[in-house]
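Letters A, B and C name the chains as they come in the text, with residue numbers starting at 1 for each one.
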Amino acid sequence: MEIFQKEFYLKARPKGFHLVTNEILQEIPELKKFSSGIANIFIKHTSASLTINENADPDVRQDMKSFTDKMVPENLPYFVHTMEGPDDMPAHIKSSLFGSSIIIPLTNGNLNLGSWQGIYLCEHRNNGGRRKIVVTIIGN
Amino acid sequence: MEIFQKEFYLKARPKGFHLVTNEILQEIPELKKFSSGIANIFIKHTSASLTINENADPDVRQDMKSFTDKMVPENLPYFVHTMEGPDDMPAHIKSSLFGSSIIIPLTNGNLNLGSWQGIYLCEHRNNGGRRKIVVTIIGN
Amino acid sequence: MEIFQKEFYLKARPKGFHLVTNEILQEIPELKKFSSGIANIFIKHTSASLTINENADPDVRQDMKSFTDKMVPENLPYFVHTMEGPDDMPAHIKSSLFGSSIIIPLTNGNLNLGSWQGIYLCEHRNNGGRRKIVVTIIGN
């Protein structure tokens, strides 16, 4: 059993859902040394999330953004935490609903994802900047 | 420290929330060899989820279905990704809100769940078919 | 590679979102022995959750409670599981939306959280009582 850990940035993106599987894979060529295990991919922010979803049609990402913005609207009259802008409190709520980290099984040196699965960066802020990620791989 | 990994199918079920703890446990008798660790249970699809919830009253599963279908309705006028049927885009959204995998601690050869906790397959499609699962156990 | 596991209680809290990072850290001084790894923090209940969110302004926790109570209201006319009180079925739904466990990377003997991240206990019931937690650390 071995462990590998690396911290890096995902480049800045506009608010929305973005397919980042390849950007993450390029950071962790060490994956190839593991025949079996798990990878935890963790985002060190409270206004962005990581999730797994459809890797083919960009319309899915667009519809997820449209839906999420309606599910958690800006400027709700009862919000108290408003001094960081109207997109801030909705970003915190979305961050917890989609979650701060994902776990993916590793098999034969690769992420063992389904054919249609990819990793999404869910950028919940208008100007979130680059996002810091920690990948931890445990396996053999 | 040891690792065990297995890929298998959960049988096809109708749209809704289904208690699958026993169906999963039957696939992994190797669990008994681990005195301490974690199990990651991962679903290789973008229109179904795994979650942990109440294992006793089937009404909980019915109410979760009713609520979820109202929270993410079909045929929203702004959906663009519609060519795979009205249940497809809502299924993608639900998939990320409930999540693609769960982690459960292992203790003395068993899943260390609370008395009322069980594993749900959240089937978000009308005809999702059988669902492919990867279980990865790490422990000693 | 080593594993450490401990089960303990978080003290009872009122319905809402509560910062519990320090209460958890006090239970696991063994964290200091790990230079790299992951920690799984799991809650053994179906009406409370763990999530990661903003650790500074308490207004964030207040707004998350306000929003969550509106997103999953009590007394929905179609709820069937009602015999445990009006806060019970919403608590089950919230439990799965926020999730039963979190994974945090460990680096140099500490939780590798972002500057603004903390661990929330999401207490979804009016009188949930103390909550049982299992922490499992895997690393070296």
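Heads up, the rule we're going with is that a contact is a pair of C-beta atoms (placed from the backbone, for glycine too) under 8 Å apart; a residue touches a chain by one contact, two chains touch by 3 or more.
Just so it is clear, the structure is predicted and the values come from calculations on it, not from any experiment.
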Turning angle required so that chain B lies on chain C, C-alpha fit (0 to 180°, nearest 5): 120
Interface sides of chain A and chain B: same vs different residues, half threshold: different
Centre distance in Å when chain A and chain B are each reduced to the mean of their C-alpha atoms: 20
Touching two or more other chains - residues of chain C: 1, 71, 97, 99, 103, 138
Chain A - residues contacting chain C, complex: 1-3, 5, 7, 40, 42-46, 71-72, 76, 78-81, 89, 92-93, 95-97, 99-101, 103, 132, 134, 136, 138
Touching residues (chain side chain C, partner chain A) in the complex: 1, 36-38, 51-54, 57, 59-60, 62-64, 66-68, 71, 97-99, 102-105, 107, 112-117, 120, 138-140
